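Naming follows writing order (A, B, C and D), and every chain is counted from residue 1.
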Amino acid sequence: MQPTSPTAILLISCPDRTGLVAAVTRFILEHNGNIVALDQHVDIEEGVFFMRVEWTLDSLDIPGDAISARFNAEVAAPLKMQFALHFSDHAERMAIFVSKQGHCLYDLLSRWQSGEWRVHIPLIISNHQDLEPVARQFGVEFRYFPINAGNKREMEDKQLALLSVVKPDFIVLARYMQIVSPKFVEQFPNRLINIHHSFLPAFIGAKPYHAAYGRGVKIIGATSHYVTAELDAGPIIEQDVIRVNHKDSVDELIRKGKDVEKLVLSRAVLYHLRKQVLIYKNKTVVFG
Amino acid sequence: MQPTSPTAILLISCPDRTGLVAAVTRFILEHNGNIVALDQHVDIEEGVFFMRVEWTLDSLDIPGDAISARFNAEVAAPLKMQFALHFSDHAERMAIFVSKQGHCLYDLLSRWQSGEWRVHIPLIISNHQDLEPVARQFGVEFRYFPINAGNKREMEDKQLALLSVVKPDFIVLARYMQIVSPKFVEQFPNRLINIHHSFLPAFIGAKPYHAAYGRGVKIIGATSHYVTAELDAGPIIEQDVIRVNHKDSVDELIRKGKDVEKLVLSRAVLYHLRKQVLIYKNKTVVFG
Amino acid sequence: MQPTSPTAILLISCPDRTGLVAAVTRFILEHNGNIVALDQHVDIEEGVFFMRVEWTLDSLDIPGDAISARFNAEVAAPLKMQFALHFSDHAERMAIFVSKQGHCLYDLLSRWQSGEWRVHIPLIISNHQDLEPVARQFGVEFRYFPINAGNKREMEDKQLALLSVVKPDFIVLARYMQIVSPKFVEQFPNRLINIHHSFLPAFIGAKPYHAAYGRGVKIIGATSHYVTAELDAGPIIEQDVIRVNHKDSVDELIRKGKDVEKLVLSRAVLYHLRKQVLIYKNKTVVFG
Amino acid sequence: MQPTSPTAILLISCPDRTGLVAAVTRFILEHNGNIVALDQHVDIEEGVFFMRVEWTLDSLDIPGDAISARFNAEVAAPLKMQFALHFSDHAERMAIFVSKQGHCLYDLLSRWQSGEWRVHIPLIISNHQDLEPVARQFGVEFRYFPINAGNKREMEDKQLALLSVVKPDFIVLARYMQIVSPKFVEQFPNRLINIHHSFLPAFIGAKPYHAAYGRGVKIIGATSHYVTAELDAGPIIEQDVIRVNHKDSVDELIRKGKDVEKLVLSRAVLYHLRKQVLIYKNKTVVFG
């Protein structure tokens, strides 16, 4: 993982059959690529093949912008593969949505500013003004959309209009406390990452820490998932948990949970950035 | 924790007010006890005080069988405390219910046979004969109740009749795949411990590993709780989890989950045996 | 934990004997305090008693600035207790030392700026200029001390001179890659918190991730401890770990480890801020 | 993982070069095998390639006993690969060494007896007689070697003589409290699995829980590794940890640690049985 020279990354899925790995690796081999990571997975029940392969570009005998067409012609089309090609030196554009709580936002911005992640953050959108100073301090544009019961659709349309100009590659809902509409979700298929403050599918919806406190659980968690039309039901990218006990008030659950939330969201975003995630039928394959 | 000479353990709950800890510790002090563990907890929302205190009996100026009456007269009655007194050298009687899967049973029996736990196991009850050789090998009586759709009530009555003779202090449902009736539950209030093979409240009911597989969770878990009339909804004693990924088939989830189940159940049973658990309004206080 | 109105917190240690809890709680009771948290621990081997008790000040019949003297006269002196009294509404002054890596610094500053912690941060000291923009962005004074092989003692004297003006209550070494001298350590007994990037006592000293990679461990960790004269050997406040595998290069261990480091350090600082930590003979009692 | 029909498993290592995956998968494809699991890893620093591939045998056009020779001729020899071929329906012979503590032994025997593992256990060897009843109860031969300071070499020779008759495929030291000699280790290269009751490399050697208690660590662990001539320094297969705190006496650390030990050892044995482990230069590649 993480070679220093630029690499190409292929994400592939198709009906399972023999020879798929051989066909892909032969293509890379014949064009002088050096594989640095190869993961494959077969969902036997569904009969679907998944693969992630990463190779160095130094000695490849195909120019970067021709790889996709060549791979399609030589391998993907004959084998009915769906594929996506990425380059490790390309920085994607990530827009962030927040409300009032800043712990996830700070964590995302810190990783970006410190150079830990290769990403651009062109825009932060919020339904509150609380975090505008944070955005400004990190030098990121902040746009405020004062959503209320009456103007939700209108505000969302304005958000979409802004996003159509900013053109993010993907969006992160970093404790954005609004439910986005199906119309919005449709604009960003598999490109809208949320953090939910519970161990899904436990405690779907609002106030999960209050519900966890009421149920007397001994462990709380957080879940990062791609957003789909159904609330808190999209493909899960990452989850983690932390132990709690009878001493922990709801406020203490919220405090402990924040640390889990920010790490789980940041891990999910990193997996997305590194192109380690494939989605199939509401589940993810996350290659390590 | 775990002093070598015998100790008395008091579990106390009552409406919160000032001076409760002082009243209890003063009683022990004045009667020459030496406190080796003291935990207290106040549920501020409910206004309830919980306490566990353990002290050595060597130099106590009250005989063991008189402590309860004296404590009641001098402290508990005036302060309207509910309390239970236990002695660390008393071994409780634990009955075990199983079905076909043996991993929890093996773990419980091994801890008992090796002397890790101070407990008696007078009886194993099952609705299948599969684990009879295991019971026999460990020298524990095994009784088979061939439950089917038509005879559930009758079989349960026979189980209750047997239990009324065996007189267990508490019962452990060690992957017993039958739902016990409210009538049964009533006989063993706060004395019926179950292991559920999911991270409750996620995946209540049957086949939680299949449900977890279907949802694509990244972590699975197990929950040990006291059984109440409502399915999988009783006070949680202990939970734990293990990480899974897209490679894990349902069978693999089941295999990984077994290890979590047996440890979580055994921890819960140990907390119960050591009198570390207090129950209040469907939640537990588990003193470490 | 965490009542909303101001509380007093007493940390007590003394030779163990009967009646200590009763004496302390009686004092609070008689002066009309309401205990919201009480933890005690007896180190049986050492014969030492530790206690943390927290109570509300609303109805206390002693003014805040007289509690210490009264408690000393009525309880501590007669019983030979060592004690420290703190108030939950007092914000301590925390100085931070850093070198080039910013992940811990960002985490500390974010918690402070967002109001998650009640603390003041009057000063950041570094032997490199890299993180000065981060300090400036958060509005905290940054002082650069260009330490080299020849001027270590001199630079440290200047740091001490500055600290004697700034007067921090405690200092956090947030991945400060210099070994501080015994003279420095002596100035801040039990008030100098370090994060070491390994699971101590494994991999003491420099380059622990390289050593972990070389040894082929399956789990890496981080340790926050009070600094003493002996390298990486002071009382441990908090530790945590993360799973790694053969795919993880040294760079990947470093990346994964950073997340553990920042959380472990921040948890240790919070325990210190909340006065949950007592130190005895190079070990800590950390009350939950 | 875990297909229901028998599979072949190839473990491969060789100097890294392009086309290795393609060569192996092409061989399986051309002989009509269906790959159900494929993992590969490149140690970039060492320039070594590792691979585990598992495929179904149903439609393979080579008989099982000819696969090795054919693979060698067509792939391994030309590419200078080292490889080992295994079949999932072959049950290996596992000998177990124990001393007085039975928790790991119970766990191993339970998994074997319940059919959780496909393995044979022809022999248990011990330097104490304590666990003979456990062996007998599970129907496994138990041989007692009364080792003392004067007869260590002689006893080990007798053990080796017995093992040369029993011919185990591998040996598990399940809390065997004797250090085996280099001569013994040499007989079972990469086939001798130990459980050490600490988080290695912390607390090498005797009484790690006492050392952990003395150091005041907040987490304890266990490590399973292949035994080499150097004490506790062989390739690590698996590690895990559990949180402890100031309340935990040495006895309590020992009790908590036992649960970690038995799970870590059993996971390591399972990885070994499933042929998920490759060893290189004192480190392991454990394919998930």
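Here is the rule we go by: a contact is a pair of C-beta atoms (placed from the backbone, for glycine too) under 8 Å apart; a residue touches a chain by one contact, two chains touch by 3 or more.
In this text, all values refer to a predicted model and were calculated from it rather than measured experimentally.
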From chain C, the most remote chain by mean C-alpha position: D
C-D or B-D - the one linked by more C-beta pairs in contact: C-D
Numbering shared by both copies at the chain C-chain B contact, with half separating same from different: same
For chain B paired with chain D, centre-to-centre distance based on mean C-alpha positions, whole Å: 35
Inter-chain centre distance, chain C versus chain D - centres from mean C-alpha coordinates, in Å: 41
Junction residues of chain D - those touching two or more other chains: 37, 44, 245, 247, 249, 288
For the chain B and chain A complex, residues of the former touching the latter: 41, 43-45, 50, 199-203, 215-219, 221, 235-241, 245-247, 249, 282-286, 288
List of chain B residues in touch with chain C within their complex: 3, 18-19, 21-22, 25-26, 28-29, 32-40, 42, 44, 243, 288
Complex contacts: residues of chain B adjacent to chain D: 1-2, 37, 102-103, 106-107, 110, 113-114, 116, 134, 137-138, 245, 247-249, 251-252, 255, 258-259, 263, 266, 288
